[in-house]
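Below is one structure; the comments refer to it alone.
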Amino acid sequence: MARNGPAGACVAPCVSVLGGAGFTGALAARLLHRHPSFALRAVTARSDVGRRLDDLYPHHRVPITLEELDLDRHAAVDAAVVAYPHGAAAPLVAQLRERGVRVVDLSADFRLRDPAVYELWYREHPVPELLEQAVYGLPERYRERIRSANLVANPGCYPTATVLALAPLARAGLLRDVVIDAKSGVSGAGRAANDRTHFVTADENVSAYGVPRHRHTPEIEQELAALGSEVLVTFTPHLLPLDQGELVSCYVTLERVDALDVTQLYTDAYAGEPFVELSAKPPGVRDVRETNICRISVHRDPRTRRVIVFAAIDNLWKGAASQAVQNLNLMFGLPEGEGIG
Amino acid sequence: MARNGPAGACVAPCVSVLGGAGFTGALAARLLHRHPSFALRAVTARSDVGRRLDDLYPHHRVPITLEELDLDRHAAVDAAVVAYPHGAAAPLVAQLRERGVRVVDLSADFRLRDPAVYELWYREHPVPELLEQAVYGLPERYRERIRSANLVANPGCYPTATVLALAPLARAGLLRDVVIDAKSGVSGAGRAANDRTHFVTADENVSAYGVPRHRHTPEIEQELAALGSEVLVTFTPHLLPLDQGELVSCYVTLERVDALDVTQLYTDAYAGEPFVELSAKPPGVRDVRETNICRISVHRDPRTRRVIVFAAIDNLWKGAASQAVQNLNLMFGLPEGEGIG
Amino acid sequence: MARNGPAGACVAPCVSVLGGAGFTGALAARLLHRHPSFALRAVTARSDVGRRLDDLYPHHRVPITLEELDLDRHAAVDAAVVAYPHGAAAPLVAQLRERGVRVVDLSADFRLRDPAVYELWYREHPVPELLEQAVYGLPERYRERIRSANLVANPGCYPTATVLALAPLARAGLLRDVVIDAKSGVSGAGRAANDRTHFVTADENVSAYGVPRHRHTPEIEQELAALGSEVLVTFTPHLLPLDQGELVSCYVTLERVDALDVTQLYTDAYAGEPFVELSAKPPGVRDVRETNICRISVHRDPRTRRVIVFAAIDNLWKGAASQAVQNLNLMFGLPEGEGIG
Amino acid sequence: MARNGPAGACVAPCVSVLGGAGFTGALAARLLHRHPSFALRAVTARSDVGRRLDDLYPHHRVPITLEELDLDRHAAVDAAVVAYPHGAAAPLVAQLRERGVRVVDLSADFRLRDPAVYELWYREHPVPELLEQAVYGLPERYRERIRSANLVANPGCYPTATVLALAPLARAGLLRDVVIDAKSGVSGAGRAANDRTHFVTADENVSAYGVPRHRHTPEIEQELAALGSEVLVTFTPHLLPLDQGELVSCYVTLERVDALDVTQLYTDAYAGEPFVELSAKPPGVRDVRETNICRISVHRDPRTRRVIVFAAIDNLWKGAASQAVQNLNLMFGLPEGEGIG
């Protein structure tokens, strides 16, 4: 539990969650509130200021009132989790960094290393000078860099699952062509109430969205390239009638197929990874619900010579908030799984 | 299909749907668009003007553009279905009546015969002078009056199911005490996108709302009293994680129990009713999905001497739009089930 | 409604449904029971003999008792719909054909023209000599042959959606490589109650199955080849937490891309098709629920030079039972959409 | 985590779960496997022997193989959780008690103190002589007795929620008449795959079952009487399209109403209870999912002079497995919430 010393001074590393009214910020607040080694100092919000988090999200049981942002108070912490929309996050992150606060940013603003790519898929980058210090917060990939990072760009939910699904093949330079068909629960669309998130629209339904240019595409391509496979991916997400959970189905044409033992490749790649599970059967999103685990299965189709990889995560946990805490744990020298196991 | 003569003149009775962007208005438009004997003249809306209905609701397949209300055009019809919110409907209905249009009103504005009761549960009644000509549009109860009515107040979804569930007992003067626990799919909450109708709130959830004073209560009491049983009912609705469908579970303490054969009472009461089904097993809402049918089962509990009655309807169909068409059929001398079977 | 003459003799073409306890057979019985031009003579079953269909499936409202198969009675009809499992269907179909009954078979037994392919994916074919007279029952493709066919092999649900999604490209010889990611509601897994169809397994879940060799694969490849594109497809179905509905997402690498106007290609290909809808937006399965419609959208991704095609159907309707009735309509010279519109 | 000493000897109190293939037994195994103070010795099953629990229930992550029952091995423990069906549990519990094993029994076999009542609702009691030593395992009610009990009868899920909902009124002798309308997710129907638990039956549906004599009725009446209110209750459960979660809606006619402050009554009654939450708004089952918490709200209806009480629990947790662990914690002098918070 969070423990505060006298006058609100933190004895444990002290963390603010900025933007805590949405799904991912609120979950980050819950995980930090119950975390044995962090003290949750405050939760700010852009809407619902003055409401209590345990009124908005009773199941999180965080007895804290949402506050309006006041950097003098909310930046007097060791670290901050920022859960602002893309574009709005970057200027806030810049202010936090100026005050020396270490940041895990849940937005897309610091995920793409090349500001030109960011501009192509989003808009002009507000603070491109900060991009250099940002570390892409996928611990299974950048664990050591994250430990010393002051600015961690928490990956998107789809890139998290996809990069974990494809990393062993990408690192071996084997990806020639990749089709990614992704499926996400409605929480992935965020808390905004609109026609698309209305129960009557989503229930008993499934459809694709973001066709053909979903913004997670360049993030996936950047990380696959960094691993060793320059490839243009076809990435298409679908909205499913479930709450939390995300499955990516990756259809890979290999550079060469011959003697490759893909199962062994994956077993080796993920040996010792505490939050990656390999499964013989295609994983279901129920298998990882409310966990920080990514569950992966890999299959060869001898007929088409393709490899098919499935990866399931909880989009709000490993796809956002619990991965943010995993990153914070690394940044503060704590056991990587503390408070998210 | 709707057939229009030259210059838009209707050869069949011509109907407008006013307020067609919401769930019930849009469904009424669909039923009238495909109706063999009515011509759907126009569909107006207060939001989404200019959008096509088959864009908003693809599954209804109504290739019509939503128009802004223009009484000179939209009241040049034989009848109108009004699907406006409570309070907003009454003045529009008054204007339609002034122009001689026969109206089926889906709002609560003309359901309560006593304006003082309306005021107690809603607000001051905008046009109390019209209440006298309104007929409560439950065909199984007021079939003959509906045939000649010019203003039909389409019942609320809960009162439809509840009054059908209890009418045989009420008519026999047997209701001493009634608890109604109602369960509704999310479409009953309407098209408004908000925290309550967000998929992530409603999915995997159930909770009561409108406790302890839901506005359908006086409507139920009025109709039970008219049948012969003056009783204060306890009525509590719950929101369920499903789209369309409504179940009322009625727990009745009888005035006297002795020799009563409740099964026979119900069989006699509903013999020949085309849209009431009696079932030995408790009905499920799937049994009546997308139909105008109310499915009822009645049970005695010899231990507690209570009678338990379940009634299932589709809240958008028998609870609103298909019942409106059933009423229109009666008003225009058509077969009662035309276009809704 | 079905009308029988004296002593059970049919005045309309008389049809039996053999294997009516499962989802698709029961729905075929419902559609035929309400069909204006066919008379439903009997419904047989292998389980649940003696139970009434309207007890098993109240929402179908077919007041008929399931009978044990007795060919002397059940083959005294003009046509039969056979809804037996793969392998069990073929011998029954052979007996029906010997007695001169025209058959629509919902199983896979007569879909593959080459018995060697059938043997590879299923088992040795029980009656290969019948394969020659079988017509693949996709009306949009083989309408004229179906009219005169005596044995129609109703397509699988996935091949129905996939072949309709890809036919315009296949006919133009444009398919170089195809990945099909399919999503189906649980009714596609049939009525058998097991761990996989248990609500608690399927709810809030999604996972792939039949990896990497689902039996619908050769059926898809056969039909694409017949259209002009010999291609090995990667086909992977997923189970979704919804009842009825199926979406196929097809990722196509074209033989050539240059000046192709895919939208125009599809518009031309499906002009006048009563049950194919083209949509600018990716279709949702709600859009086609309980209809015989296949709703398709086609998209180009200029970055990857792929074409992405989505097709949504109701797996029990266009994917099985209503398509069977569409075929029967053609076989008996009736309007193609009668009883399924 | 479970810790075993050399040769399988437990250093912590050692527990077996007998009947671990079902939903509640498997969850008990998971909670004990991760419990800081108990060592999970073995999990037996009547079906699925030889399968691993983390294959059957991946999300529980219990890497243990289901074994066939062998009392010489499985009774060499400090305590056992028995998750057998009603009737089958009692003889096994008797054998365990003979060997000195302390037992928490999840079945109904030891919940009813009067064997005549058991016989009336179930069958002849197999081991009535054991009834005397059984303590009803509702910690909020019998905490002290549970501490020293050797046989704890874990309450049914509905009685747990209902007795907690009504205890403050019952203790004050205020219950004159009680109607309980209960709603449960499908996991409450158990793991058996059948028509009722098939996704296609339960999805988009709601219906009552066990009308009018559900077996949890006498358990509720026994506990209300023990609290001070002899009353015949009307209890009707409904099956809802959700996985885990249970809501009871209790409609209470009071003996007297005058000056009663029900909110204060509940606040006083549950002050300090770690697993009872009071809420101003009607609770939803999402609020308590995967917790040991019972969330209650109480409302007065001045019109009907009734009190309405809602209580939400997770049927598999507080309604079964986590309450069993809560009881074990009490029995072994551990913090009451250890391993279930």
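When the chains are written out, they are named A, B, C and D in that same order, and each has its own residue count from 1.
FYI, contacts are C-beta pairs under 8 Å (C-beta built on N, C-alpha and C of every residue); 3 or more make two chains touch, one makes a residue touch a chain.
It should be emphasised that the depicted structure is a prediction, and the values quoted were computed from it without experimental measurement.
Student: Among the remaining chains, which ones contact both chain A and chain B?
Tutor: C, D
Student: Is the C-beta contact count larger for C-D or for B-C?
Tutor: C-D
Student: Would you mind checking which chain's C-alpha centre is most distant from the centre of chain D?
Tutor: C
Student: Could you state the distance in Å from the CA-based centre of chain B to that of chain C?
Tutor: 37
Student: How far is the middle of chain A from the middle of chain C, if each middle is the mean of its Cα atoms, in Å?
Tutor: Centre-to-centre distance between chain A and chain C: 40 Å.
Student: Taking the mean of the C-alpha atoms as each chain's centre, how many Å separate chain C from chain D?
Tutor: 46
Student: So which stretches of chain B touch two or more other chains?
Tutor: 201, 203-204, 241-243, 283-284, 286, 289
Student: Within the complex, which stretch of chain B touches chain C?
Tutor: It is residues 58-59, 203-204, 279, 283-284, 286-291, 295 of chain B that touch chain C.
Student: Could you pull out which chain B residues touch chain D in their complex?
Tutor: 177, 179, 181, 183, 185, 201, 203-209, 211-213, 232-234, 236, 238, 240-245, 247, 249, 251, 253, 282-286, 289, 299-301, 303-304, 306, 308, 310, 312
Student: Which residues of chain B touch chain A in the complex?
Tutor: Residues 23, 186-187, 191, 193-195, 197-204, 241-243.
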